[in-house]
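One structure coming up, written as structure tokens, with questions to follow.
Letters are used for the chains, namely A, B, C, D, E and F, taken in the order the chains are written, and counting of residues starts over at 1 for each.
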Amino acid sequence: MTLICDLKAQENIKAQYLCKYKQVLKNKNGKDYCTVKLQDRTGIIDGKIWSLHSGIMPFEVDDIVSVEAEVLLYQDNLQLSITKLKKAEASEYDLKNFIPHTLKDVEQLETELFTFIEQVQQPFVKKLLEDIFYDEGIYQEFLVHSAAKSVHHAYLSGLLEHTVTVTKLGVSMAELYTGINKDLVIAGCLLHDLGKLYELTNFPKNDYSDEGQLIGHIVMGAEFIHDRISQIEGFPKELEMLIKHIILSHHGEYEYGSPKRPKCLEAMIVHLADYADAKLKMVEEFLRTTQGDDIYAGYHKILNRNIRKVNL
Amino acid sequence: MTLICDLKAQENIKAQYLCKYKQVLKNKNGKDYCTVKLQDRTGIIDGKIWSLHSGIMPFEVDDIVSVEAEVLLYQDNLQLSITKLKKAEASEYDLKNFIPHTLKDVEQLETELFTFIEQVQQPFVKKLLEDIFYDEGIYQEFLVHSAAKSVHHAYLSGLLEHTVTVTKLGVSMAELYTGINKDLVIAGCLLHDLGKLYELTNFPKNDYSDEGQLIGHIVMGAEFIHDRISQIEGFPKELEMLIKHIILSHHGEYEYGSPKRPKCLEAMIVHLADYADAKLKMVEEFLRTTQGDDIYAGYHKILNRNIRKVNL
Amino acid sequence: MTLICDLKAQENIKAQYLCKYKQVLKNKNGKDYCTVKLQDRTGIIDGKIWSLHSGIMPFEVDDIVSVEAEVLLYQDNLQLSITKLKKAEASEYDLKNFIPHTLKDVEQLETELFTFIEQVQQPFVKKLLEDIFYDEGIYQEFLVHSAAKSVHHAYLSGLLEHTVTVTKLGVSMAELYTGINKDLVIAGCLLHDLGKLYELTNFPKNDYSDEGQLIGHIVMGAEFIHDRISQIEGFPKELEMLIKHIILSHHGEYEYGSPKRPKCLEAMIVHLADYADAKLKMVEEFLRTTQGDDIYAGYHKILNRNIRKVNL
Amino acid sequence: MTLICDLKAQENIKAQYLCKYKQVLKNKNGKDYCTVKLQDRTGIIDGKIWSLHSGIMPFEVDDIVSVEAEVLLYQDNLQLSITKLKKAEASEYDLKNFIPHTLKDVEQLETELFTFIEQVQQPFVKKLLEDIFYDEGIYQEFLVHSAAKSVHHAYLSGLLEHTVTVTKLGVSMAELYTGINKDLVIAGCLLHDLGKLYELTNFPKNDYSDEGQLIGHIVMGAEFIHDRISQIEGFPKELEMLIKHIILSHHGEYEYGSPKRPKCLEAMIVHLADYADAKLKMVEEFLRTTQGDDIYAGYHKILNRNIRKVNL
Amino acid sequence: MTLICDLKAQENIKAQYLCKYKQVLKNKNGKDYCTVKLQDRTGIIDGKIWSLHSGIMPFEVDDIVSVEAEVLLYQDNLQLSITKLKKAEASEYDLKNFIPHTLKDVEQLETELFTFIEQVQQPFVKKLLEDIFYDEGIYQEFLVHSAAKSVHHAYLSGLLEHTVTVTKLGVSMAELYTGINKDLVIAGCLLHDLGKLYELTNFPKNDYSDEGQLIGHIVMGAEFIHDRISQIEGFPKELEMLIKHIILSHHGEYEYGSPKRPKCLEAMIVHLADYADAKLKMVEEFLRTTQGDDIYAGYHKILNRNIRKVNL
Amino acid sequence: MTLICDLKAQENIKAQYLCKYKQVLKNKNGKDYCTVKLQDRTGIIDGKIWSLHSGIMPFEVDDIVSVEAEVLLYQDNLQLSITKLKKAEASEYDLKNFIPHTLKDVEQLETELFTFIEQVQQPFVKKLLEDIFYDEGIYQEFLVHSAAKSVHHAYLSGLLEHTVTVTKLGVSMAELYTGINKDLVIAGCLLHDLGKLYELTNFPKNDYSDEGQLIGHIVMGAEFIHDRISQIEGFPKELEMLIKHIILSHHGEYEYGSPKRPKCLEAMIVHLADYADAKLKMVEEFLRTTQGDDIYAGYHKILNRNIRKVNL
């Protein structure tokens, strides 16, 4: 096996990896060499191409490359000394093997998603959700998209996992209070991050698009819903405004990029569910990817504190 | 019936109410008169005692008083013109009739509370919860205490309702992530606001105690747990620290009075569940107590925004 | 003349005013009377209707009413004692007489507006501006709308005046630096507050609409532009994104409700021009409406400081 | 030619440069070598002196040095291998060749400056401006000084360019509102950063002076004006206070080092004009000095965002 | 005795007070009457002039007035019903009787002040202090001036008391650390608030002057020192800068109006001593002027918290 | 002598040092070598163990090690080339020789500490202080503990020095105001940082303990006092609350980790004294450890400004 997590020093391997970084440098004799970072779904490894001979074919960052290499140990870390490299054709590989993906069962997440849609009573809300999630062009992208560039849910099907979890949390909250319109909560949860489909480019890039930088997923999501609704005859104006309000206010505060703060219980619930999942997933991932036996997993830069494991 | 919500202009009534405000003033002829606010569990009403004759017996704020009065309409509001007033004896009334209480079924809340305790596996955690909630002296106060002076859950059994709702939310969250110690989440949720038993005085006052102002429910709760644990032989030091950490960090940020911020998933969950219930209950109560048909319920001072109803 | 600024004590008048406030109260004998605030374009005055006899016909806030009254002096202020009052028909008055309006020459502002449009070179930008400002339905509203509920430009043609001034400032800035796309600056300035047409209702109300509260003029303006552009064949996607980015970022910072901060020079110019006009107009109006000879005009609550006149 | 922007690998050159950095290090054999950074008005380049023989004469940072060297390519960047180096005498060079300067026409900036002074009507304001800008000792420094250590206008004649641009912007604003004293606006704009003459040392250092660190250009400017005014007989006290107020408040907010916030329209205009020029120049320079074809020029650390080019 | 603190209901009095407030109103019959607030050094009392007959002579706010009146009890508070009133001549009274003053012994404060000056070793520092504090014109104002408009030390000799206390605290701190220039600490403490002599007008007004509002005591103090130093031949420039730096930075942070933050130990000490005295005096005065037996003195608006007495 | 401050290049030494850092690396031939940092009370030095032969015995970070080495000069810094290394036994050394310690006289600090305790009048306060400081187990740790991990007082007896200095400052303040309970001030100052005994582990580690991270010295100190007081019969509840309040509020603001802000004069004094000592000591240490002749000691990261020396 040549999965990155399984590599051992002194092996000679043939394998395919995703190139995430590439720089050409000069050695002391003025000769070019090349340093790369290669990734599959199980990890990431440094590589060196010491000689740019004819066996090293042209390639770019975000290409899948077929390599022949020796695995070396350098300063306690494994490294590839690459002797052959060639860009792979799209037909030769499945992108999913090179990108981390959700640890949850995707089919079950899909089932849960459609079960939520079925629970909706209000016909226009239901029609809107069906129009979007039964649209194959959208749904196939939704199925694999990430929910972030990094930090949390930055993996294949991250958006699906995040959306379903937020909806579960939102519905749990809705059931504890009176006077909540559950259909709006479900719709708000399912649609709140839809703008991320276009704010972040597809894998393997998974980086901010130009539109993402200029407009952002919050407004892009509201505009997307607006365009969809304009194709549903008789969709009530008030309902459109409420759904867009939920999307626009789901970051909760102006400082986090929401142009409106939640003004109704349903918008507050979507915000609180999104906020909770973002925080908890961030720490869950941090704990899972931390190595070592120390009871403290280390300093979390975004949360600005040490994170502690609990092993009782 | 003489419930405040049922009073009608021109009636002559005999009734018992809780006095929440009292001021003696002088009229233009230099004669004393007295203005009061009287409350029962259904509302609050202004009263005037125009003449302090012998039928008006000594009384103080927070006394239950038996009054005879005429109901008048003054500037669109009802008002009592009180002709007789006497402080009632503790034996003559049930305090619960004069104070707003939870709208939920208290017995069901109790059942849910003890069901959570039963779910706990870790023997020391379970022992601690049982020692506290099976202690009649504590439990009887816990059953009726409020969870706040105002804003949200500021009514009889408010602490019970808040505690159970936070625990439900916390357990919902715990089930969505891996690596969570559910026992700690349950214990943290059930104990997080226990310090409020002593931060706020009992009804009818329900106001900050001296200890509440100097120490606060966060540290008082941690100290209470510390004292209880010190009576359980063999209670693990690490477990004590984690439970106290959850209590100390449950406001989430220093600015909100927590001397520590949540450092483990369990502490984050207790904080997020508490935060969500506080916000949602605040708006739910605001919407319920707002009158009028306007789609906007009005400006919420703490949330600093207009709150909108949703009637689709 | 019965302009409010010209009224004198002891006069008996017949006049039309706009009712901005109305409350029915009870006097000490339990009889209803009514207190109102009446406004024309020159000022505002308190009125009392001491007896609700048959000469007082039904009316509501924001109605124009014809009144007969005596002008009285009460505690150093004039007040109307109203004896007859009747709601006026729309055909009987011109709303402009009852609402403050811009002090600038509206025709000149219009000329300046269209001169800016003519200067635009880029054909799609020009087409978009023409489609909007030559659309009579939009333009007639734009001509009279206010630019705010209060604080600055909260008067007839306030939006026109603000838009033209911001464009002048923006063009002045654009000429001082290199590499600026002047067409984008003009378009951004002319369109930046278009969403206010629908965020604020028309006069005499001039208050936030439901959509204004839920979505806000920033996103409403971007969505409006989006819908208009979708009807122009071949409109470049990048150009649409840049125009929407300028509108979305024109408040400059997240805290002021912009979901994006300005990322290109053109967006920064529109923001800086808008910011400068808002601040300066606010103080200009404050100084103009302040009475008295003190060199200090008084404390300005929004700017949080005393404002000083300069009379050298 | 030996301008840094024109150097090519493999050349042998003789040239003069400004030394901005110097460090003596030891190689593995314990022998000293020296690494330097050399600058002229077109750029900056690394240099190495591998052997400190007699051809390398004593020199310090901020000296102009005459060098003989070979141009080499090292890791994609040019580098000088220096074989001879000698400090140049002040008579041998013109400092302006070694420091970046304004891209604007200095003579035209001067003409604009004096045209503004001529427009002033108030005799004492005019006298003060003439006393300062016709004082050769001051004016010659003003002509070449920078307006900042870095970030924006940190080049020869930067202070002149910034001052003239702010005055243009300020006068544009003054003409759009009523009740503005234009003389005060002109004086405020021309004098607002005069303290920078002494807060920053002259080129080539262009770094904070001790007085700059302890007192700062805002208070230094006000004190300088105070001293100058005290030599003009009969200068009105109120006028002095207003000019000093404008200088003291030109950063707009306490957080930015202004001990007073603008309290009159004239002070607000000077602040807004200064603020706009600082922001826009910062981005204009950032865009001009960015290389590469990407539509995004990169992340701007002070503005804390990506900056986008507009090429329509 | 007619000190306000000694008045009793039903007395007829003749007395002199300082008028701090005056408003002419109309009664229901359209007749003028007048409401005033009168003050002496022991308190403040409301007064009514029900009839503006010839015994009531012209007077203004901040005049000392001689009154004849009856003391009445109205709604639990004493009130004067004034029958005669005349403005007093400056020769007829001593202003000190009408304004609160320091509770400390002024002569002892003076002794302490000059003892500090004598301790100074550095001759230029000593010369500067002597030039200022031995200047009778300055010293006589310094002796009586307040240190604030309100909040703390807002009474006669408040500036003297504050200055001496800050110097004592500063010297205590200086003695605990090594490397402190004690002369600079003493000079900084004694001079830090000298600008208040001109920022606040003299009693009885004790309000912000125009210069105080435009320039502020921090910069005014630095400028005052600058002018004084310019008259001392040979005064070292570095020493002048350090003393001005201490004055300019004594509020500690930009947000509190300091254009520089303390950069040397001596400036930090002056700031910390000033900060401590302001906070402690504010609470000491709040506790002293609070009535009632409650252990809590009440809510302090500036400190934003309840203040508790300690009586052990 | 082999004190680190006395080492010279080319020496061969035998010495004992504290190992603060250790990393095993591989050289280009794949052979292990080891880089360490060694410390004594006078400084810190890098070391290399080029060959891990049998003369290099097992050791860990925070061990005291006996080494034989050659002192070399590498890139202007001294370095040890270690040829023998062995972990020292606890009996072979005195830890104090390897850790920086207070520059003050410890015996004098102890005398001052007990003099403060003797001054206390209130018998319960005195009893509490004596119970704690005469408890040998506690006192021996208190004598040597640091007051911080870094920044200020991070050395042997740092806690003692900080405690005594804060108490001196607190008593100085207490004497300047009326109505202060001096016993409470002394107790608050002496006890305020007692929690640091357990928040920071003992030297040589001096790092945060698990309890320190989860609970923090503020709450740990309050709990420690609570446990001690519970063993003193009759200790007044109010007195306990006040002492705990002082400890809990001594950081002054929520943002700095205090769950309560000071509500009485005594708590404010303890906070102000602690705040002043922390700030001043931080700068005093920074100035003392700065090398070079520049009048500016450099940029202080925590204070976020340049620090200037004063040498007059």
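The rule we apply is simple: contacts are C-beta pairs under 8 Å (C-beta built on N, C-alpha and C of every residue); 3 or more make two chains touch, one makes a residue touch a chain.
Quantities reported herein were computed from a predicted structural model and do not represent experimental measurements.
Common neighbours of chain B and chain D (chains touching each): A, C, E, F. Looking for a copy of the A-B interface in D-E, A-C or E-F, one arrives at E-F, which has over half of the same contact pairs by residue number. Ranked by how far their CA centres sit from the centre of chain E, the chains are topped by A. Chain A and chain F have centres, each the mean of its CA atoms, that are 45 Å apart. Residue positions 210, 213-214, 238, 242, 263, 306, 308 of chain A are each in touch with at least two other chains.
Those chain pairs judged to touch are A-B, A-C, A-D, A-F, B-C, B-E, B-F, C-D, C-E, D-E, D-F, E-F.
Across the interface of their complex, chain B is touched by residues 73-76, 295-296, 306, 308 of chain E. Remark: chain E residues 103, 122, 165, 168-169, 172-173, 176-179, 181, 183-184, 236, 238-239, 242, 261, 263-266, 268-269, 272, 275-277, 279-281, 283-284, 287-288, 303, 305-310, 312 touch chain F in the complex. Those residues of chain F lying in contact with chain B across their complex are 210-211, 213-216, 218-219, 222-223, 226, 238, 241-242, 244-245, 248, 254-260, 263. Interface residues of chain E, counted against chain C in their complex, comprise 25-26, 30, 210, 213-214.
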